[in-house]
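Heads up, there are several structures right after this.
Consider the two complexes below, in which subunit A is the common component and subunit B and subunit C are the respective partners.
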Partner chain A sequence: MPQKQPNSRESRMSRVLVRTLAIRLAGVLVILLLISFLTYSLVYLAPGDLVKNLLGNRPSSPEAIAQIREQYHLDDPFFVRYLDWLWAALRGDFGVSIRLQQSVTDAIASRIGNTVALALLAFVMAAAVAIPLGILSAAREGRRSDRAFSALALLGLSAPSFALAILLLYVFAMLIPIFPAYGGGADPLDTLWHLVLPAVALAAGIGAILQRITRAAVLRELQSDAVTFARSRGLSENEVRRIALRSALIPIVTGAGLILTFIVGGTIVVETVFALPGLGSLLQESVLFKDLPVVQAVTLLVAAVIAVITIAVDLSYLALDPRVRTKELNR
Partner chain B sequence: MSRSSTRPRTRRALAAALATAAALVLSACAGGPKAPTELTDSGKEIDSLTVAFPGSLSNLYIGQESGILNYYLASTVQEGLVGVDAAGKFVPALADTWETPDPTTYVFHLRDDAKFQNGDAVAPEDVVFSLEQAADAKASPSTSYYLSSLESAEATGDREVTIKTTKPDAAFLSNLSSAGALVVTQQKYWEEHQGKVGTADSLLLGTGPYRVTEFQPDSHVTLERVDTWWGELPKTKQIRVDFIPDENTRLLAAQKGDVDVAFNVPINQAQQWEKIGGGRIQSVNDLSYVGLLFDQKVKPFDDPDVRAAIAASFDRTAVAEKLLRGYGEVATSIMTPESLGKAYDGDAARELLAQVPQHEFDLDKAKQLLEQSGAGGFTAELTYPNTGPQLGIAAQALAENLKQVGVTLTVREIPIEEWLATIGDGEHGLSFMWYFSTTGDPAEINGYLVGPDNPNHFESTEAASLLDAAGAAADPKDRIAKLLELEKLSADNTVNAPLWWGKTIMYFSNEVGVHEFSPYTFLGPWGTQLYAAEAAE
Partner chain C sequence: MTSSPLRGPRTAITKLPGGAASQPHRDWAAIASIALLAVVGIAAIASPLLLEPATRQSILDSLLPPGSPGHPLGTDELGRDVLLLTLAGTGSALAGPVVIATGSMLLAVVLGTLAGYLGGLTDTVIGRVVDILLSLPVMLVAIVVAGIFGAGYWVTVGMLVVLFCPSDIRIVRAGVTEQAPRPYVEAAQMLSLSRTRIMYRHIVPNVWPLILTNLMLDIGIALVTLSSLSFLGIGVDPGTPDWGRQIADGRALIADNPAMLLVPALLIILVTMAINLLGDQLGERLRERGLQ
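For the complex of A and B:
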């Protein structure tokens, strides 16, 4: 009988976990629905004319114009068009890109690899450099190295990514020709090689934010009562630091999750500069062209990824902090 | 174009001479700090060339997307019944001969060795089918307008196609070239892809010297030479067209040596491109027209005096020579001199076009016209597309001049997609018109800007009848005479204010030569015009 106790506790905890997850996912679905409506409205209201985009600056016959208006239901009321799209999307049909005359899923599938690889590479670079620098900065607060790291972060934060991208190209593709100047590469290894400079351009800004967040979090923990108490107990400096770092993990992970969502937006600029076929450039071209099926699908995909990252970050608190675990799972 | 490929064997010797001549001309154009490079055809083959386009193509079929870059790409992959040579004159393409037994009938004889890139012979039915698709508003929204006078197309023999038009239309033959509206493809291929051709999945099938082997929008198109073309085998085995939208990246890629040929070098970067070691820039009039458009539905642009005042406030000479650094020629009319090529050479054409009444730069006159109109010191906006920074420079110059006559002009850059929607929208009274003619037909641009349903909302039965008369004229000179009357009508009423005829600037690595560099070169099978160059001794 006594053995049953923890089992029933565990099953209760997992039930709570499943319920929490289910509520969060339901929330995500509502948000996605709202985003889909907002995006549709914004693209609909934005200046520009799909007919002119398709026909270009040249004379056109009234039949061709009527044909296009009919084909893309441009004369239907706004809500009818949105609901048509929504109904199809709910059945998994995201339609055909007006600009590319290719199914939206194919258009996304051919580009998603580049963008995912670029975002992950940039994230790994940013985290691998910024977190250790942030910790070092905090540990050496006020010293010369702290000031140097902070200045570096300021530089990364204030340099616009397109300017940084051009600078990187000039230095590492032109003056010291190590990396290629543009394009996506022919095979996986070549692609990775092509992604290094774009990833650095993308990582600089977000790495700087992460460095600042890490520094602030570690600094706060180093000045906390717990650390003072640990020191008073005579623990070694290494052990004290371990305690501080463990407590600082939650804000750092939150920061890391946040910057991962920034990366997705940053790909638009970087992909254009490096002529990389990815989702960022696809989204940009599609917004300008008023290619609603693609804009809707890419926006929702990005929103869903951000939502999943946020949930994963929240779940990580359970693993990282026993206090959160106890509080959340015993409600 | 491509005279050397029309009769290849007899032209080989001439090609080498032309190459040297072209190289001399280009070195004269290039200027800059480098010593002029004299190039000659080494006769060697080129394994692969990288060509940079300044923007991506979304679809390769010109009936679906018809930007100037689409035409450049399609021209070396697909052919029409006729082609256009370096001087703008018709030459055989898929048809080796044709007759016009009456002004509304055309009989074409297909060449016996015409083959698609998959090896199948071209049947007259394929030509008829391609033409019908090109004229269909649903299948080909971009080209259908140009074939609106098509009445019927029929296969009338093993190698014969007969095409009839609803009325005599002098521009019709131009539209049967790949620079116009007709790119012949195979009916079987079209049906296999349910008409969705030119996409990343279906690619493109034509009869030209290169076939498309790969297409990734926002990335690249790969072309491979074929031995199915009726002309001489091109020297370059593979052409990879990379889409590099950022102008700085494009320049860096060329400086690094990654790019062999670049289209549409921006005017503001021309000097930097000129300095690239081992390369050169060449420029040529590109059949484009830039002018001011006045929407007569919008006040105060309904007043001819206001329009004339604005036209007189634009200093065309200063803009063309200084701001455009000579990469633009003062336009005296909407028609370009090159579009008169079927009847007049360049000098004669320029002389004729200068006879059209001009709005000379005169701020005193502009002030007087504004007072006369009673419009007073009004405010207007002039937008320009982000892809045409030179239009922005010209707009700023105009705004400065207008300030002196009491008109406030705000200048704003907008994305090209947004700009397209402003043309003739009934809200923007003053706009730019920036038009790339592909056919080089003299009525292509002025028909659009002065004829029926023009974006200026200028209504004139006289303009319509002049265009009809021009369309019915059998002799090119008579036709041009009618079109000059149309230009006069436009100028007298200041319907449009022509500003400059554009030039395209291209970059070539010195390892690549181009036999004939003319406004029409890249609107024909240009892959055959490129050769492996070496410095002449």
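For the complex of A and C:
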């Protein structure tokens, strides 16, 4: 029984996991605290009068001003207010949106589904097409098909999501009206239908990044000692391929950070083009309206999601690469 | 990005015997890219002269479709000529990205060389700051900060210089650490040249290929970022023609004059593609020369 042996591989493995996780979590918490402080300071750094900013377009009667000062504890010292805000934020209370006159949490909750669905759909589309194309490109390196796929990736990488979204909208919603041009749809199936064009616009960029990473990773592996050795051992071409693809997986997974950054920017732009009610369009509208409570909440939420995914990527690195695992074990 | 999309790392070797077959195809794309960038570049330099005619309004000629006499791409709702507007927009489309890429690369050459050559505490401090900045998505920070402060064009450009810097620092640092143990550096150390002189007169020139290639690719990324921001209504000065804003305004007029948004959208895609293609090929050429 491995559990009875204190020095067994498994128990050491789990200790390493816990330690790595703890270090990562601590680092991420520090960054999140820093970001929360900066987003909170935004309210005070924003140009114009603070009370006016918080009032929005409500009438500025003395009572309303007194109520705002009371509601936001404006008479407390800055740091106390920050801690109050952070404590409320941790319990999911980000205050009331100035523009929507609705609690920020409700505004986010009603839109987050669309954004998650859009990002997932785009990611699945991109991965399903780009990873096989990247592998194929690497296998046929320098030939016509490789050049064609790679040129396609360059196009996807070069086209800003909003320009691509506009072109898709014009062709597939105006010239050939197959897909709806605007909005989020009523029932789940209708929503999915509304998400197709935005997801394609977003997937182009993700796919381009994925194709390039995959191609480079597989090419590097095909020239590695491991593959040469596998061939010299007389393994079948299928087995050789499996060895190459497994090691190529590591740089592909590490590329997730790059893709995530792209998705954050991409959803904002694509949702705005298609007037899709999601977090991205919410952020854009709130920024232009200077609806600070919403901007703070969305920024913090995105930062937290990025942090969690970054940790997950680091951990999968540990799971995928035996070399990293041994290094961590022998530390 | 270790390999170009058109040719992999192995082609450097396979090219020697008879790899010239693919040459005409690549040259055609490169020539087209250079031609496009030359035209757009000239338009960008001339764009201040076009500002006045491009923003001339005439209500009588509003919303003409493409192909109207005197207005090959039609007019917008204020009667401004779309062709002139698009040409006048080349200025803000190119000037900002070139400044962003150059500025961030300059900062990166100074800081990345320091980190890579001196190592120790300098390296740790610069590395930590770079790590933190890299964990922030550029678009999100740019939208929130520039949007809340209502920043104008050049303030937004300045902010993007800072946001683009971390990845450049990493690249330059990697290049410099790779050069540092080479014999020529040792020789310079033995001549007891100053560290500044060794870094910036001896090591940096050897990292030039890396710097130039990434400068090109940065211009492309900056063009995409800046035009996406102006499309969202952030970082555009009122009254100046701008592709991103033109596309945003054109959405309401898509049925009357689709050219208003399709032309700048296509131009952004083509110009970025040309820049990326040339950047990739430049990198490939310089790497091949470095190998031999």
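Observations
The rule we apply is simple: the second predicted complex is superposed on the first by the 264 of 331 C-alpha atoms of A that agree within 3 Å, B and C clash if a C-alpha of one lies under 4 Å from a C-alpha of the other, contacts with A are read in each partner's own complex, and residues count from 1 in each chain.
Throughout what follows, a contact is a pair of C-beta atoms (placed from the backbone, for glycine too) under 8 Å apart; a residue touches a chain by one contact, two chains touch by 3 or more.
Computed from a predicted structure; not experimentally measured.
In the superposition on chain A, A:G265 contacts subunit C only, with no contact to subunit B. Of the two partner chains placed by superposition, only subunit C is touched by A:T310; subunit B is not. Within the superposed three-chain model, A:K290 lies in touch with subunit B and with subunit C [touch as defined at top]. In the superposed model, A:I166 lies in contact with both subunit B and subunit C. Legend: residue contacts after superposition of the two complexes on their common chain; A:L154 is shown touching subunit C, with no touch to subunit B. Of the two partner chains placed around the shared chain by superposition, subunit C is the only one that A:R212 touches, whereas subunit B remains out of contact.
Contacts of A:G184 after superposition on the shared chain: subunit B is touched, whereas subunit C is not.
In the superposition on chain A, contact of A:I68 is made with subunit B only, not with subunit C. Look at A:M174: by the touch rule set out above, it reaches both subunit B and subunit C.
On subunit A, the surface patch touched by subunit B in one complex and by subunit C in the other comprises residues 47, 166, 169-170, 174, 272-273, 288, 290.
Only residues 31, 34-35, 39, 42, 45-47, 138, 141-142, 146-147, 150-151, 153-155, 157-164, 166-167, 169-170, 174, 212, 215-216, 219-220, 223, 260-261, 264-265, 268-269, 272-273, 283-284, 287-288, 290, 292, 295, 299, 302-303, 306-307, 310 of subunit A touch subunit C when the two sit together in their complex. Chain contact summary for the complex, subunit C toward subunit A: residues 1-11, 14, 19, 22, 25, 132, 135-140, 143-145, 147-150, 220, 224-225, 227-228, 231-234, 244, 247, 251, 254-255, 258, 261-262, 265-266, 268-269, 272-273, 275-277, 280. Residues of subunit B that touch subunit A in their complex: 56, 58-59, 64-67, 137-138, 141-142, 144-145, 148, 196, 198-201, 216-220, 242-246, 248-249, 252-253, 255-256, 258, 414-418, 420-421, 423, 433-435, 447-448, 453. Residues 47-49, 52-61, 63-64, 66-68, 71, 99-102, 106-107, 110-111, 166, 169-170, 173-174, 177, 180-184, 272-278, 281-282, 285, 288-290 of subunit A touch subunit B in their complex.
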